[in-house]
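Dropping the structures in below, format is structure tokens.
Here chain A shows up in two complexes: once beside chain B, once beside chain C.
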Partner chain A sequence: MTQPMTQGFLSKNPSVLIFLGLLALFTLTVTVLSNAYGLDLVSTSMVKTLGKTLCLCLIALAMDLVWGYMGILSLGHFAFFGLGGYMIGMWLMVARSRDIVLASANGLPMTPQELNDAIAAQIFGVVGASEMPAIWALAGSLPAQLALVVLVPGLLALGFGWLAFRSRVTGVYLSILTQAMTLALALYLYQNDSGLRGNNGLSGLQNIPGLDWAGQDRLSVWFLWASALALGLGYLACAFTVSGKFGSVMRAIRDDEARVRFLGYPVEGYKLFVFTLTALIAAVAGALYYPQAGIINPAEVAPIASIYLAVWVAIGGRGRLWGAVIGAAFVSIVSTWFTGGRAPDLPLGFYTVKWVDWWQVLLGLSFVLVTLFAPKGLSGLVDGLAGLRPPQRRGAALGPDEGALLEKEARE
Partner chain B sequence: MRSLLLALVASLALALPAAAQDAAPPVAAASVQTGLAAVIAQNAAAIAKPSRQSIGPVIAALGQAGTGAPAFLQAWADKKLGARKADGAIFRVTKTADGYALADPATGADRGTAAKAEIAEIKPNAGVRGMIASALIQFQLSDPDPKQRLAALTTLARDGAAEHLAPLAASIEIETDPAIKAQKERLAGLLTIRFGATPVARVAAIEGFGADLGLDFRAALNPILASARRVFDAAPSGNVAAILTPGKPGFPEAEAYDLLVDQGLAPKRLSPADLRAALEAHLENGAVGGVPLADLSDPAQRETAYAALEAAGKVPAAATSAEVTAAVAAHRFADVYAEPDPTVTAAAKAALQSVSLKVGAMQGADLTLDALSLASIYFLAAIGLAITFGVMRVINMAHGEFITMGAYTGYVVQQFISDYTISIAVALPLAFAVTFAAGVAMERLVIRHLARRPLETLLATFGISIALQQLFKNIFGTQARPLTAPEWLDGAWVMNDIVAISYIRIAIFALACLFLGLFLVVMKRTRLGVEVRAVTQNPSMAASMGINPDRITMLTFGLGSGIAGIAGVAIGLFAKVTSELGADYIVQSFMTVVVGGVGNIWGTLAGATLVGGLQKGIEALNPANTLAAQTWMILFIIIFIQFRPRGIIALRGRAAGD
Partner chain C sequence: MRELLEVSGISVSFDGFRAINNLSFSIGPAELRAVIGPNGAGKTTFMDIVTGKTRPDEGRVLWGERSIDLLKLDEAQIARQGVGRKFQRPTVFEDQTVAENLMMALKAPRSPWRVLVWTPKAADHARVAALAAQVGLGEALSRKSGELSHGQKQWLEIGMLLAQEPRLLLVDEPAAGMTLAEREQTTALLVELAKTHAVVVVEHDMDFVRRLNCKVTVLHEGAVLAEGSLDHVTANQQVIDVYLGR
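The block that comes next holds the complex of A and B.
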């Protein structure tokens, strides 16, 4: 045994160090260029956009874990992302409303009941209610609500996953079912009497209670740091999960679930664990995202958002963690550029292509092309630069069944 | 003040007819004026300046004044009367170029002309005109013109009163038109229920209706059963609906006490807001009643402070909870009917009960129709999806966009063919052709290259879906486009006041049945059907038998997409045609396929029925909230999949594949 068995996790996965290094460099660069702590070359809104992008990268990481490594195409992970955002948003709204109410109070000091009623009226005036719904019982306490950020999505994922995996719903069925889950959640949140302000969602989340003195320019940088930290830790956790024996079993389940089951592994347990873990990562990403976005409403949880998540991961490259991060960052930043009206129009003589209108078409078609011709997505480019090439298994199949020899293979 | 006014009006109302009758004989003796003319002459001043409060008796007198009265009242209501300024005499007036042509108010005979300045036109206000119209009804009821009679009945149905009952009953006898007669009899019954002279007559009228479903019957019964909460010192009296015990569910002690406060039988309880205001008013040196201000965030401390103020006589005494309990215990509470006669309320209650039973049954029937209609829409939308999923095991996420494409095809056809019937007849096959072509193109260009990678197919078709959706937006704009149904599909098939279904929905139901039949014939009776079934079950074996699986998958995909296009035309007829039309139905279509089970048309049918029925059923339980209905339906389906992961009708054995 010349190879030592105790080879470290990081030396086995050099890409983790490279990724963390690049992330740290990025964060440092943005900080130095930022308005609050440096040269004032990057605007506060740009810092926020970058911070939000980091959160999206984190949920893309979760999606890659569950889809790229585990083969579960979940079309519902934005439900967990949104729930995380709602949970932190509840605390932000209550704490901020309490500050507003106390600032405008006069006369007798308020009883707890009066204070509660005033906060409720402040928050729920828009939906014509004035009572604090039961689900807001813990919203006054930051630690409790932080716990709910992981508990609520975690329990939802655990319950849903347990039901779905136990009855061996797989493949396309499972995708549709996860989509139904997030649709049900979105429809529930749309109701005014759901207790979460219905269509209005939660707003004013960018104002962090107690940190008014810091100003948005500094807050945005802090959130960028927090998002980068979460992304780094999430990357470490995901890399650790997929690197060892556990990761091998995950990939085996993706490639042939039945064989893994026959080998004696508890496939359902693995699936449930990974599904719930990724839901937790998604929830944390959501809890960091929405204070930067400032508003959350039920449209964020709509099925389309989760499908876009799959698009990011597919374009970036499934089955490698950094691929998902590249995909999310690339597509969301390019999308902001195109839809923000900053891309120059493309005159074709007979018709001028306005990218605000045509970006979606471009995205959809390029997605089809990526799926067809570059299943590895953008990360395939990196492979090409590194000189890695897949074996040439081209040509028509010799038989109609799956796994039949292809022409070129047969010749060799 | 107000009671004084009322008394005045009442005495006036009593006095006026009496005055008219007393005064009539001498006037008649003195001149040739009799009947109507006399009444008009006596009340000229009141007629010239009618006020709603006092004109009632005058109108009543006029109504009973005999021949010519209807014409006079009509002219009055139409503002065609005038008063001569010199002596106040009333005439019917017609405007001419340089004044008025006058006519006798009672007979209509010509009475010469008058200059414009001599006559003041009489313009009764809307309230008075309403009273006049009500008096006119008795004449209109026996008017020779059936339209007039029907108009009178409509007015009566809206606001009939006790005095109309007798004329209405009298006019039934002489009615010749059977339809109007039936309507009159019904109306007479309804009026008897409300205003009948004796309880026996009213009970008989109620029972005469049986379990009639008409809304008007229920509307007549409901006011009889209206009750009010009342407080009694001793045992409740009157027509008692229910004795209420404070503290029982539905009648909390607080409500009982509020009732006492409303009646002035008990002092008001101190609300938290009042308490706060009272304490703030007596804030002295940072303390209230000896309690420091900072401590007043505690409710108990606030009570203490108020008690201290009360002891000092600075604030009025407030009822304590012991006093509240004692006051409530000292009184009895009951719901009392406004209707005094118990036999009438009992009959009304029984009638309403049997009606509501029947209404419930009818509502169930209506719900079933609604559910069937929704199910047929889901069936149409899902059948194409089920075919492609069944044969190729791929989910076509762009299916919704094919539905939209069909609807837009219909819209474009209507731009060229203005006759709606022909345009729909053209649009249906054209939509099929367009989406069939689109489906075949998609299969050849994309899906074929992703064979046996179902998840990637799902994503690739999703990419096509977002591209198509945006493309529709760029071409047709974001606003809704009209797809108009032909006129003969407008309206609804109405069975009674409860059960009704629009013709469009019936047409869609028929279309769904047609496609079910067509599908069955194609699958069971044609060469293509055999080949499709063979490829569904085992592609490699089918290929060995000389069937070209590629061709079959292409054709089935085209067929499924084509049906989506037709579904699009059908849905577009009643929904708004926007680029999101298909997306609104796509998840329900997925549900239908998943619940029903793949590879079997009956499964899709069962799935559509279940999803549609479930959605309507849950909506019926909570009609105000369709969003909640959808949420619950999806939850139910997620649970349902636990027990039947392969759908209601699952393929067994080798056909099930994996």
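The block that comes next holds the complex of A and C.
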């Protein structure tokens, strides 16, 4: 045995330490350049964009786990992300509305019933209702809503996954099912009857009750820290999951799930485990994202969002964790630049390319090109820089069997 | 001796074609058995039924001392009961190293929670190394199994089968693609294993079956045509007509 018997998790996975170091460096740099804690070179809205990007990197990690390692092309993970956002948004709205109601009451005494009615009117006036729907029963309690951030998406993933995996739906059919799930959720949320303010969604989420004194410039940095911490912990959890035998089984299921069954592994149980775990990661990412975005509405869980997620992971390089992270970071930051109107127009003489309109075409084209010509995505570029190239398998085979050493390799 | 596996009266049809027709078969806990038969005789379907891949329309498959009904279990549960299978085409996980393939097959808890917290002990590493050495891959532990030659993949799969420590081994054409020396090695291994395990070998190659020197079951059109020593079944006129005579 050349392999040492006892090795720490981190020493076996040096990329984890590199990633955590870079993440810490990034967070520190942004903090030092921020308005609230330093040189005021990065605007508060930019800090928010970067914080949101970290949340997107976290859900990209989840997608890489379920797709890149396990082979389940889920096109519905933004349903869990959105639900996480809705759950924290409910508490934010109720707590904020309570502050507003109490302030406008000017110290006049109110019965709990009156207070509740006033809060309900404040929140639901926009959809012409004044009753607090039953699903808001726990919204006044932060611990309860924080529990729901993981419970609601977790139970949805568990229920959906149990039904889908037990029936052994795989491949493109499963992708369609996941897409149907997120579409159904979006359509449900669009209804005013669903009790989550229909297409208005939840808004004003950037105002954190009790922290008004801090101001958005400081809050934005705090959320950046929280997002970075969540991403770091999520990365550790994912790296732990994909290393060792569990990761081996995951990749084996991706490559040949029938064979894994004959080894005695309950494949459906593994799929359910990973699907639910990644739904939980997505939910936490969503719960951190929407207070930075300030608003959540049903369009956020439309199927297109989850398709973008697959594009990020593909462009970054699936099947390796940091590939998913750089894919999400790169595409969403470039997307912000193009759609923010800051990219210069491209005059072609007969037609002027406005990037706000043409960005999506560019993104779609790059997705196709990456899929065809660079299956490892951006992370393949990093390999190239590091000098790690796949062997050039050219020349005649030395042996009669497929996979035998080829002449060129043998000479090296 | 009490039988380890008892298959009685199973039948299965695919789109009206009767692949298995009232087949009965049994094997003891330490026995070597060769199953032969022409193409389409139902050899692979028979293995599919025992391993849970295919559900029979009727019949019973009983397992072990407590007569567990295998038809009520899924593939993974059957494998955990101690039924190991080697496929005709070598199916190893090509993206993973020889060591990872063997470690995955190694007998250990299989549920997600327990696998997540499971870490290989020194004894597990030693067992993997010993298994690799046994199948001639001792120097290839850290190689991706996709780089191995066809014959080496066959051996790796045999190694994985052994790592599972099954009580019953279903081996589909183990000698396919092997050199003469490797065939002899395989024969010796199977004969040795059959001293403590039940081993069912499906094989086309009559020379190989002769070398196994064991009881032979001849399948034809999904049913048992003859059973006994190789000399006994090859003397059977029906067997000559449907199989050997061609």
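By our rule, the second predicted complex is superposed on the first by the 383 of 412 C-alpha atoms of A that agree within 3 Å, B and C clash if a C-alpha of one lies under 4 Å from a C-alpha of the other, contacts with A are read in each partner's own complex, and residues count from 1 in each chain.
The working rule: a residue touches a chain if its C-beta (ideal position, glycine included) is under 8 Å from a C-beta of that chain, and two chains touch if they have at least 3 such contacts.
Computed from a predicted structure; not experimentally measured.
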| item | value |
| --- | --- |
| Contacts of A:Q179 with chain B and chain C, given as first, second, both or neither | first |
| First (chain B), second (chain C), both or neither touched by A:Q191 | first |
| First, second, both or neither for A:L365, with chain B first and chain C second | first |
| Which superposed partner A:V267 touches (first chain B, second chain C, both, neither) | second |
| Touching partner for A:D256 - first (chain B), second (chain C), both, neither | second |
| Superposed model, chain A: greater residue contact from chain B or chain C | B |
| First (chain B), second (chain C), both or neither touched by A:F338 | neither |
| Doubly contacted residues of chain A, that is, touched by chain B and again by chain C | 399, 401-402 |
| Chain A - residues contacting chain C, complex | 1-3, 5-6, 241, 244-246, 248-249, 251-252, 255-256, 258-259, 261-267, 269-270, 273, 399, 401-404 |
| Touching residues (chain side chain A, partner chain B) in the complex | 71, 73, 107-114, 160, 163-164, 166-169, 171-173, 175-177, 179-181, 183-184, 187-188, 190-191, 193, 303, 307, 310-311, 314, 357-368, 371-372, 375, 399-402 |
| Residue numbers on chain B that touch chain A, as the complex places them | 272, 276, 279-280, 283, 288, 293-294, 296-299, 302, 389, 393-395, 446, 449-450, 452, 454-456, 458-460, 462-471, 473-474, 539-540, 543, 549, 587, 590-591, 594, 625, 627-628, 630-631, 634-635, 637-639, 641-643, 645 |
| Chain A-facing residues of chain C, complex | 51, 53, 74-77, 79-80, 84-85, 87, 91, 93-96, 99-100, 103-105, 110-113, 115-116, 118-120, 122, 125-126, 129, 141-142, 146-151, 160, 164 |
